[in-house]
Every structure is written in structure tokens, then in C-alpha cells.
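Two complexes follow with chain A in common, the first pairing it with chain B and the second with chain C.
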Partner chain A sequence: MDFGSIIDAAFSNAFGPQAIVFALAAIGLNIHFGYTGLLNFGQAGFMAVGAFGLAVAMVRLDLPLPVGILVGLVASAVLALILGVPTLRLRADYLAIVTIAAAEILRLVFGAVETKAVFGGSNGLNGFTETWNSLNPYSKGIDVGFASWSRNDLWAMTVGWVVVALCCLLTWALMRSPWGRVLRSIREDEDAVRSLGKNVFLYKMQALMLGGVIGGLGGIFFALKQASVVPSDYSTNLTFFAYTALLIGGAARVLGPVVGSMIFWFLISGLGAFFSQATSGIDPLIPASVMTDTQASLIRYILMGLGLMLLMIYRPQGIFGDRKEIALDAR
Partner chain B sequence: MPVDITSAREALAALPNDPGVRKPDPIVVGDDITRTFGGLKAVDVQHIEIQRGVITALIGPNGAGKTTLFNLLTGFDVPDSGSWAFNDQSLAKVPAYKVARLGMVRTFQLTKVLSKLTVIENMRLGATGQRGEKFFPSIFKAFWRAQEDEITSRADDLLARFKLDKKRGDFAGSLSGGQRKLLEMARALMVDPELIMLDEPMAGVNPALKQSLLGHVKSLRDEGRTVLFVEHDMDMVRDISDWVIVMAQGQIVAEGTPEAVMADQRVIDAYLGAHHDADLSEMDEEALAAQVEAEINAEENEA
Partner chain C sequence: MRLRTAALFSVMMAGLVFLATPASAETTSPSPGPSASAPASDAPVTGPAIRVRLLDQQEGKAGNNPPPVPGVTVTVSDDSDTEIGRAVTNDAGVAAVAIPGKGKYSVSIDESTLPDGVKLTGKKTLDVSVNLTSGQNVAFPLNGKVVEATPFVERFVDSVVSGLKYGLIIALAAMGLSLIFGTTGLTNFSHGELITFGAITAYFLNSTLGLPVILAGILTIGIGGLFGWGQDRVLWRPLRSRGTGIIAMMIVSIGLGLLLRNLYQFFFGASTRSYTDYTSQRARDYGLFDLSDKEVAIMVIAIVTIGIVATIMTRTRLGKAMRAVSDNPALSASSGMRVDGVISSVWTMGAALSALAGVLLGLNSQVNFMMGYQLLLMVFAATILGGLGTVWGAVLGSLIIGVITEVGPLLGVPGSIKEVGALVVLILILLIRPQGILGRAERIG
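Then we have the complex of A and B:
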């Protein structure tokens, strides 16, 4: 058993680009679910639209990188608008149904044979990272002992963590303001807010768009860091893993989604490396009669689910959440 | 501007006790308002006027349509037909939040305090026209700090008046039922409404707090606001209302001063007389006990 490589996998991913993708997705969900109480189960759709907006603009239309990013962001804002207009007047669960369906529709459309000329079919699109790579100031990767990253990872991490920090700053500024107060009040009771003269629909729309755009930013970053956009990456799993990250860190807390994503990737990668080592080799730690190596690659998700259940039972507020805020609800 | 209560009362006392009677200075006027739920006509009001500057009580048995009428007037529900106006401005198809901004603010039968916000944050939310509630200006504190300070000091004054100042930093969810009613009323005042509509302000409030709540409702009128409230507590209705509107089965069946309405045969028939849950007098109880005893004896004899 090589504990060094397990620790390396855990830490490299906890600070690596994948954690940044999840952090951005979860920051968006935090604005939706944590602060406003909107159940968006289609964050993967917002991310896909952001990523494909970027890729289509750059690959098909030959637009430069900044314009591509802008197209991706605008596309996710437009998606929020389209989904919000019919559903935000309805009860919260309708938004959940519509968003999860929309995300699936988008993924299938992006991967369809019929739209291959635009979205590239199930292989997706690539070849849009020339500018992105040319801006990379690093000449080689780095190994800090307990973690290691490639040259491309370092560049993605530099940009990514700055973007995450800016998004956190924006969330903090908004949520301490009277605007954030209205959102948190809508989460508690829409009718009370309405009776005090606030246009609830407008606030919910603004929240849906903001969180969707941050999710779109996550999709754009996802596309850039792996140099391709593949429809199957944007499945419903992505949304629910982002929710898991959010709940681990604590909803309605500025840093909750960020720390949650890091812990999520620390555990997923660490457990993955551990079980893959424990079931491989001539004389594995866990014999094949108990668990084969294909089963080992899945057990981490089962443990993650179990962990999430235990978290919800014993610490529903997550790591940063305020027990008092949550406990009151358990009346 | 506060209305002279004595002269307003005299003017009202001179009116006939007819349903939908015209008032000298109505703040709300409604015509032919109907709302059906399935086959049930929950509200069917031909004409209603609410006098400005006084306390009007809306009473009636359960299911009379009082709360539905509240919902319709404030834009929380949409009527099948009808027109109504607040200060001569038509409110048909006006959304609830705009109704509130116009100065017609309601509270709810089941209190809607925002339990995971502190008491002071609940209060601050009530203020209208906040610059910091707009998306882009909210990002920079400089745009809204001064206004927020002003709102906070107004909120603190109101909390002191409603004796909630000690609860300022507590989550609203930790308040008792009566304190929630007080907070909801205080928060509605942050909107600075001309007409405040209270849906069962006394429900679930302990007797000690009831007296102070009565005082608060009166003080709303005394500072020039119009009050409309739904209530089952007849003592409260008698104590503080200047005018009473009685509803039954969706319609207004009678109106008048509290004294006149309580003596009205139509009201006794529709509401007061049919008051099954009223306290039984000692004599009634003895008679009832004797009757039950006789019935049991009769059954035993048969067996």
C-alpha cells in the first residue's frame, strides 16, 4: 500500500481544477438554494450552456476567447430567464422539475447526431484553447511533496481560484446588503415579503440568473481546463455532486460551497486511490471475493452517499452553517 | 393627518345599519366582488366601503369569507369579478406588492414572521424604497449605508414602542405567539401604511398581552391610520372598533356601530346566536348535565 500516492491524489484534487469547477457550480447553487430557497436541480444545464456557448463561439464562429467567455455567460443568463419566466410564479417544486428536465434536454440536444454540425455530437467540441494555453506563464509543473500538479493545472488553478475568490467576494457583498436580506426573506416566506411591497418575482429572477451565470462560469472553466466540451460530462450527477459539496460545506454561508468542494474532492480522490490500491496487485488487501477492482471504483460514491446521510442527520448545517438557523426549523 | 375621532364616530352613528351603506369619507370602495372555490361562493360582496381614519371590524362565522375578502382586496387572490379602489385608485389586477406600496398593508391570520432572520432584520425588511435592495447598488455599502442607519433607527423606535427592543438580536423564530403578532404589526408599520389590515390579531395571544395589543391597535388609529381587522373575539370588537361589518356566507349581512350591530337580529341569527363554541353559563351547564344524565338512565333502563 502506497500511502504517499493516496495522499497525493487527495490533496492534488482538493486544490486542483476539478474542485474549482465544483466550487463555482456550488456557489451558484448556494445563491439559488442556500439564500433564496430556489430548488435548481439543473445546474449541470447552466454549466453545459456556458461551456457550449464558449466552444461554439470559438470553434464554429472563430471568435476570440474573451468573446467566447461572454457568449457562454450570456447563454446561461438567457437560460435562467427562459426557465424562470414560466416557473418562478409557481411553487418551488415546479422549478426543480423544470430545471432537471431542461438540463437533460440540453445534454441530449448537445450530444445528438442531428446537431453534430454545431455541437459536435457525443464527442463534443475541442480546439478552442490556443489563446488560453498561450497565456500560461508557467514553464513546468510542480510537486510540493503531498500534492503535484502539471503545468496546465497550475495555470487553470491560478485563474480558477482567483475567479472563485471574486465570486465569493461578490456573494459576500450581496448577501450582507438589503438585497440579500430580501432573498433570505423569500426563502422563509414569500407572501410575507410580498405583503411588505417587494416584487418577489423580480428578486427570484435576479437570483436565478446570478446563480446560473456563476454555474455557467463553472462550465466555461471546466471546458478550458480540460480543453474539450463533452455532453456526457454534464449529466445530472454533476448537479447532485455540486449539491453534496454545498451541503458538506454548509448552505447559506459564503465559503461553504468552496470548502465543501475541496473536502468532496479530497474524499472522492483519496477513497478512490485507497480502494483501487486495496483491490489491485497479486495479493490485494481486500480479496477479490469481497470486492473486485471494478467494484472498488464505485464504493467511494456509496460511502459518499452514506456520509451525506450521516451529515444531514447529525450536522444538517454543514461545516460552516449556523446551528441556530437550522435548529429552529426542526420545531 | 389624524381624524377627529369623536366627530367621525358621530358621523358614522348617524348612518343607517344597512349592508354596503355609503360612508362620508371612504378609503376603500368595492363593488360586486365575487370569488368562487369550486361550487362555493366564498365572497359575494355587492358594495363595501371602509371609512378613513377609524377602526373597522370585520366579523362573521368561520367560512364567512372574511379572510378571502382580505386576500382579494390586497391582491393575494384574484376575484372572479368585481372592482375595488383604494384612495380612488383602481386595484383590479394590481399585484400584491404594488398594493402594499400604495399604502395598504396586511398581516396574516397565521403569523408570517421570518423565523431565521433576527427581529431587527425583520423590521428593516419592512422599509420601502430601499436603495440597497436594488441589485447593483447593493454591492457597494456606500450607496445604502446612510439609508440603512435611518431605517434602523426607525425600526428601533417601533421595537421600543411594541416592547420588543429586548428581543432585537434574537431570531424571530424564538418569539412567542403573541410577540410574533406584535412583530408582524410593527413590521407592517415600517411600510408606513395608510390602511393597515389585521387578520385575527388576537388569535393565540395570552390575556395579558391582549390588553397591550388593544392599546397598540388604538394607537394606530390615533396616529391617523385606518385600521381594518378580522376578529372572533367579540370583547375586542366591542372595545376598540368604531364600525363593524358582519359577513355570513360570503355576503355582508349587516353593518353598524358595535352597539347597534350586537343588538341587530340579523347578526344574532347569522353569527352571535349560532355561536356554538360560546361559553356556557352555569345554568346551561347544569341543564345540559341533567339532560345527559337522563339520557344515560333511559338507555340503562332499556338494556
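Then we have the complex of A and C:
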């Protein structure tokens, strides 16, 4: 058992690009669910639209990287607009089902044989990272003892954490503004806000668009970091995992989603590495009669499902949250 | 349907395979060409030529060598539609028309010269491109089996029937979801796992323990009901009594779904497997549609089950209590009903129905650890379309969703993503009539 490599895997991923993708997705969800009480279960759809916006603009239309990013962001804002009009008047559980369905429609359409000429079918799109890579100032990777990253990871992390910091700053500033107070009031009591003469629908729409665009940013970053966009990456599970990350850290807290994503990836990678080591080698710690290495790779997801249930039952506010501030009842 | 098309295709190919005919064969063809300008249709053709050979394929009379058809006029034109020559088939059924060389030609047959009882069963004119200096052999199918494109009506009816079958399976699961939602307000995102539970349990009973599929299926309904009862007892009832909010419960169900899905994969593996019986059955032709026996059985079982549930819901005390709790839990409790007991039965019944849906789905196609999860959105779509919380709405919505899914590809929905049609309907219905078809108008926004 090599504990060094387990710790390395856990820390590398906790601070690595994958955690940044989830942090961005969860910051968006935090604005939807944490602050406004909108149960958006289609965050994967916003991310997919951002990523495919970037990839289609750059691969099919030969546009430069900044324009590609802009296309991705505009696409996720437009998705929020289209999705918001029919759904924002619905109760939370209906909203959840509709957004999940919309995200699935998008994933199916992006991966369909019939749209292969545009979205590249089930293999998706790649070959749009030339500019991104050429901007990389690092010449080699880094190993800090308890974690290690490649040259490309370092570049992605530099940009990614700056973006995450800016998004947190934006959330912090917005949520202490009068606008943010209205959002939180909507979460607490929609009718009271309405009776004070505020246009609840408009505020919800703005929140959906803002969170969706931050989610789209997460999708764009996802695309750039792994140099490809594959439709199957944007399944419903991505949304569920982002929610898990958000709930671990604590909803309605500025840093909740960021810390949550880091813990999420620390646990997922650490457990993954532990069980993969425990079942491999000549004399494995856990014999193959108990579980094979394929089965061992599932343990972390089984534990995560269990963890999500226990978290929601015993500590729905997560690490930093305030129980009074979580929208737990559908209104 | 596919099988029949393949058979037709092979018949066509057989009719089109022709041997190079020796030039000497044409010398026995004395009949004069009708066109004087056409070169040497009655003379032996030695240079490049298009040779047409006509054989009566006598479709349906097996065992014979197809006899040649003599005395039929064929005409060859070049690609600018200028006639190059014509010829009449000789006793070997062969007509040769000399051509200037390689290129594109069209060969047509004069149907009026065909002998009685011989009919052309393909196109009258064939486009031939000659790539060899020696020429090309051409054939026309005569008395072959007629190739007909399946008419739209038949494809439509076929899709509707297959959609109804799919819808009936969805309906079983949707009734369970709708009952549970109606009585507890829980939007159960792990409902798909109840379906998978049924399919996998039946698989283990059938494949590992060696029980016949029918017995395994019946046992599975009971085990599925027990699973639902236990789930309510261990998880949902304590949560209800703690006063957990419905969004919190929804997220708990997501966690449970994740847990169960991965447990299924842990024990069942990622592969797709079949039950030991009824795996491949040939479809019977019922006129406008084809169904295999197991598909008929699936539909009958589903219809009978829905009938039984209908009787329970309308005729028995328990059914009435379920509807009352679904309508107004607080009022039911104050009227002296044991609400928790009723909810327990709802979970048992809902899970048993979903397990049956899983068995039927596994019987219809195959068993996989993801099968219920993949069906979940269809079940949601069906329930919302019919009206969340209403049992009849769930059945009606399921049938509509099933038919939309299967008919969609005929009307332009890309076939590889036919579920999209149903999901679009889900979003549209919430725009137009959020309470669903049979739902009561109440505040849902």
C-alpha cells in the first residue's frame, strides 16, 4: 500500500483542473439554488452549451479563442432565457424535472448521428486548443511533494483559479447588494417579495442567466482543460455531482461551492486511489473474491450516494452553511 | 419486417446475376429489327455489346431453373437519349445490341412484347454504365416477387402498436411514481432504480437459481413490493416524521439512486444480459402490424395489471384510503385514517408495479444496471403529461409518451434520439397545461 500516491492523487485533484470545473458549476448552482431557491437540475446542459458553443465556433467556423469563449457564454445565457420563460413560474420540483429534461435533450442532440456534421457525434469535437496551449507560460510540470501537476494542468489551474476567484468576488458583491437581497427574499417568501412590488419573474430570470453563464464558463473551462468536448461528459450525473459538491461546502455561502468541490475531488480521488491499490498487485489487501478492481472503482460512487443521503438528512447546510438559509421546502 | 426486405433483396440479386453470353448464341436469332437504321440487330454481335438476358423467375415455383423468355424487344440508348440499337431476345432469352464502346447507356424493355403470363417486376428502363471493352450484361426481373416499399400506413400502425407496448410498460412504473408522489409529495429520483431492481432480481432468480422466467417474474413482483415497503420503513417514514422538506427528500432520493445504481453495477456488472427463455422470437404478422408472442404477452400482462390496480383503487377500502390520502393527507388523518399505513401500502404497491415494469422491460429487450435510470425521464414525462399525482393520468400519459416516442421518427425526429420527442412534449405540456391532462388545476408555480 503506497499511501504517498493516494495522498498525491487526492491533493492533486482537490486543487487540480477538475475541481475548478466543479467549483464553477457549483458557483452557478449556488446562485440558482443557494441564493434564489431555484432547483436547477440542468446545470450539465448549461455547461454543454458553453462547451459546444466554444468548440463549434472554433472548429466549424474557424473563429479565434476569445470569440469562441464569447459564443459559449452567450449560448448559455440564451439557454437560460429560453428555459426560464416556461419554467420559472413552476414550483421547485417541476422546475427540477424540466431542467433535467432540457439538459438530456441537449446531450442527446449534441451526440446524435444526425447532427454529426455540426457537433461531431458521440466523439464530440476537438482541435480548438492551439491558442490556449500557445499562451501557456510554463515549461514543465511541478511536484510539491504531496501533489503534482503537469505543465498543462498548471496553466489550466492558473487561469481557472483566477476565474473562480473572480466569480466568488462577483457573487460576494452581488449578494450584499440590494439586488442580492431581493434574490434571497424570493428564496424565503416569493409572495412577500411580490407584494412589495418587485417583479419576481425578472429577478429569477436574471439569477438563472447569471448562474447559467457561470455554469457555461465551467463548461468552457472543461473543454479547454481536456482539449475536447464529448457529449457523454455532460450527463445528468455531472449536475448531481455538482450539487453534491455545493451541498458539502454549504449552499448560500460564497466559498461553499469552492471548498465543496475541493473536498469532493479530494474524497473521490483519494478513495479511488485507495480502493484501486487495495485490489491490485500480487497479494491485494482486499482479495479478488471480495471484490475485483472493476468493482472497487465503484465503491467511491456507492459511498458518495450514501454520503449525499446522510449529508442531506443530518447536515443539509453543509460545512459553512446556515440551516435557516437552505431552501428545503418547495414553495 | 427487416427479414422480409432482406429476402426480397436476395431474390432481386439472384435475378440480376447473369453470365456472359457467347456471341455465337445470337446467330440463331433471325427476327428482323423493327428499326432499319439500327445497326445489325439480327447479325452476330462480336464487338462491345450490351447483352440482355431475360429469364422467367417464376417466383413461388421453387426448384425450377428459370426458363428463358424469347421474342422480347429491348432498346439501348446512349446518355443523350439517342437510340443506338434494338434487338429481340432469342430462344436462350438473350438479346445483344452493339455499342460504340465504354460509357453510359440506358436499356429499356418493350413490355408489350412480353409473352402472356410474364410480367416485368422491376423498372422498365435501366441505366447501365459500361466499363469493360467487351460490354455489359443486363437483366430485367420477370415474374419476380414484387418489391414494395412498406406503405406509410403500415409503418405508422406498426409504430403505434410498438409505442403502445412501450407505453404500457412505462404506465406500470408511472402509476407507482404517481401514487407515491400523490401521497407523500416526494419527487422520487430513485424510482428508476425500482424498475432496475425488478429486472435484476428476475434475472438472478431466472439465470442463477434456474427458475423459469414466468415464475421468476411472479416472485419478483413480491420481492419488489417488499423492497418498496422496506425502503419506506427504513428511510422515508423516519424522514417524514422528522419533517424533512420535500426538496431535501428529493436530494436524498438522488443520493439513494446513485447508491443503488452503483450497487447494481457492483453485483450485476456493466454488461447487458438476457433471460434464459423467450429471448429471440419471430414476429407474427397481424395484418397491419407484426408482434412476437412475448410482446403480446407483455401487453396483456400490463393491461390486466392496470385493470387490477383500477379495481383496487376504486372498489376496495385500501384503494379509497389511498385516494383520500393522496387528495388531502391532513384531512384523512383527522378523519381517523392511518396515513402512515396507507403510505406503506402505496410504497409496496408502487414498488411492486415498478418491479413488474422492470421484468417486462427486461423481457422485451435486455437487462442492464442502467435500464431504469434511462427510463426515468420517460416516466416523469408520462406522469406530468397525465397529471402528477393522478393514477389514470399516469396511464394515459404513458400511452401518449410511448406512442410519441415510437411514431416520432416517422415524422422527422432523428431515429437515434427518439426520446427527445417525449421530452419536448414534457416541456410543452408544462407551458400549456401545467397540471397535465387529467390533473386538477392547482397552484404548481
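Quick note on the criterion: the second predicted complex is superposed on the first by the 322 of 331 C-alpha atoms of A that agree within 3 Å, B and C clash if a C-alpha of one lies under 4 Å from a C-alpha of the other, contacts with A are read in each partner's own complex, and residues count from 1 in each chain.
Convention: a residue touches a chain if its C-beta (ideal position, glycine included) is under 8 Å from a C-beta of that chain, and two chains touch if they have at least 3 such contacts.
Here the structure is a predicted model, which is why all the values come from computation and not from measurement.
Superposition model on chain A: chain B and chain C are shown accommodated side by side without a clash.
Of the two partner chains placed by the overlay, neither chain B nor chain C lies in contact with A:A147.
More chain A residues lie in contact with C than with the other chain of the pair chain B and chain C. Contacts of A:V118 after superposition: neither chain B nor chain C is touched.
Once the two complexes are laid over each other on the shared chain, residue contacts for A:P86 go to chain C alone; chain B is not touched.
In the superposition on chain A, A:I7 makes contact with neither chain B nor chain C. By the touch criterion defined above, A:L174 reaches chain B but does not reach chain C. By the touch criterion defined above, A:V193 reaches chain B but does not reach chain C.
In the superposition on chain A, A:L70 contacts neither chain B nor chain C. After superposing the two complexes on their shared chain, the closest approach between C-alpha atoms of chain B and chain C is 9 Å. Shared contact residues of chain A, touching chain B in one structure and chain C in the other: 328-329. Those residues of chain A whose C-beta lies close enough to touch chain B in the complex are 170, 173-174, 176-182, 184-185, 187-189, 191-200, 206, 324-325, 328-329, 331. Across the complex, chain C is touched by residues 39, 86-87, 89-94, 96-98, 100-102, 104-105, 108-109, 111-115, 237, 240, 243-244, 247, 291, 294-295, 298-299, 301-302, 304-313, 316, 326-330 of chain A. On chain C, the positions that touch chain A within their shared complex are 185, 187, 235, 239, 242, 244-248, 250-252, 254-263, 265-266, 269-270, 377, 380-381, 384, 388, 414, 416-417, 419-420, 423-424, 426-427, 430-431, 434, 443-445. In the complex of the two chains, the chain B residues touching chain A come out as 74, 76, 95-98, 100-101, 105-108, 112-117, 121, 124-126, 128, 130, 132-135, 138-141, 144, 148, 171, 173-174, 187-188, 190-191.
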